[in-house]
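Chain lettering (A, B and C) follows the sequence in which the chains are written, and residue indices restart at 1 in each chain.
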């Protein structure tokens, strides 16, 4: 049993952070909130999403096994029952489409696990979406073990503005640290763009010397997913994946993107 | 002789209510105002439009027969002379294009029946449009005799918002009444949208049990035509045409849309 | 040596007045400011652009010959050295793209003539654009000797609004004077648009009787280039080129467009 209420705009921001990477995915519902981990079809980008139950105005979840009705005999005990979580497959893009219409109201969510449907209610408008069969969806990826030698915390708007400018230059962008300066660099045939921010212009910087190259398509998508966050934390390495973390739902949710580097042609 | 002045925005709203259904049509000008009735090329939707002469800041019309100059001998007396009305063919979409440029000024209209032109003046900008030969236009449709068992009056914005949401779901929308609830329902392959409004959430409702299915393309176009009206009146039946009525020109004009139902495949 | 600082929006407005006609061109930098003269690829429209050095918050230019380092022996003395000017080839559209991102900040410009690059800095964002080889660009056109019998000064917004309306009518527009009235006229198959302004509705008018026809495509582009100017001066003749002049950079720059007439088919 899952029933919850949440501000429509907060939910919209959360789902936008997911659709930046995947259109559909497996959402795990548990007593402490919602979780999702998914990779994009090309296996280049990963999103980890967590939304605490207290981000909701109302949040009630009772795991299947704990409900009064007994588990039918012979039904195998699945992992999700053991952990007290329910996993549902959602077409996030469809859900987002409808949330965009609803305005600033509160959204009520209600899961009908038996019928495999999610009910969404915004004022007088009820929207029912069929759940996707979780077994038809890509497996939840394992988070690779990574150690990032450097971290930068930057205002999201500065980051996003640079990405928008870089899109006009080329297909790739380098993120790096040079001493006490964090930089982002894009190069075209004719021109070159560079954002350079000294330690004191950033919220945080680990000094060092490193840089990696990433596909702009992915970073552009990600930068849209983080539009509502004030700051983002970048975890960086040398020719290494990029990890970007930011808060959603006024600090009651967290999103982490992981992006594989492009190997520079020499 | 026809000369009139009207607020450009009011005229624009009126013409938008017409172009929601047809691009061109026959406008009847008489002493008491303007009238039009037209069906869309597929014969699925009809618009009836009336604008009272007092919606204009200035309105002067003298029917052809009543003008000082004598009717040339041998010219047959047409119906429009008898009724004291003049019928002109207008490309409304062209007129709308130009009104959009003019801004919030007053528009002066002047008909040159001899040259078959309509002069439009907005400030220093004069726009002359050649009239269409009324005989080249589709005949004015007869309004079918209909009796609607139920009526709903609803805020236009609530109606339009639901239509916008339904467009994301499917191609059709059902409008119906179930007891004391008015509902609009759209169904896609994966999802379903339903607006349900109880009698007390509406301005008016005839309780009952009925519903009909309509093409969303048409209702979407119509919902754009009614953008400036506060409320709309829906006249409904069971597998029956939908009649939508609303005011334009601050109550000094009235628009009625009629839409044929889709027969549901069983 | 060239280094300068200028308000990003002022520079953007200047470059938009150039890109209305050409995407790339030769910019002459001298002690008194910047100059450009270029024709569009079809040889129909010309732009002359001047920006005084005092439009900049900071402007430093030392011509090549005047710099401390001696001219290498054997290097021929070019005209630009003699006149104390430097000529650089710029892809204005690329530059404009990036200025659009920068916001309302100040832009710093710095020329590296040796590397043939222009550095642009907006806050922490540095943008480097490779210069185009001036010899690969079209030669600077000669300004034809023209005598305009009439002049009209008109509010830019009135002019631009009429151009926007005319685009909906046809491909050409006539500009003319009839007695003490300035008019702009566009004719379509079905309709006709005319702006008529009497002397007292204009800032200036030379009475007369003349008109010329121009391609709307060009005038539309030009009308975008003049968006920030309050008034424009039109110099007119009978079947004669159109000259349009307006100020940029708060009066510290001047743009002149010249447009060849269309010969009317009789």
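One rule holds in what follows: a residue touches a chain if its C-beta (ideal position, glycine included) is under 8 Å from a C-beta of that chain, and two chains touch if they have at least 3 such contacts.
Quantities reported herein were computed from a predicted structural model and do not represent experimental measurements.
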item	value
Touch-based graph of the chains, sorted into line, ring, star, complete or other	complete
C-alpha-based rotation, chain A on chain C, 0 to 180 degrees, nearest 5	120
Shared interface numbering between chain C and chain B [over half = same, under half = different]	different
Intercentroid distance (Cα basis), chain C paired with chain B, Å	47
Chain A residues counted as touching two or more neighbouring chains	none
Chain B residues touching chain A - in the complex, by the definition given at the top	158, 161-162, 164-165, 168, 190-197, 201
Interface residues, chain C side, partner chain A - complex	91, 94, 97-98, 101-103, 124-130
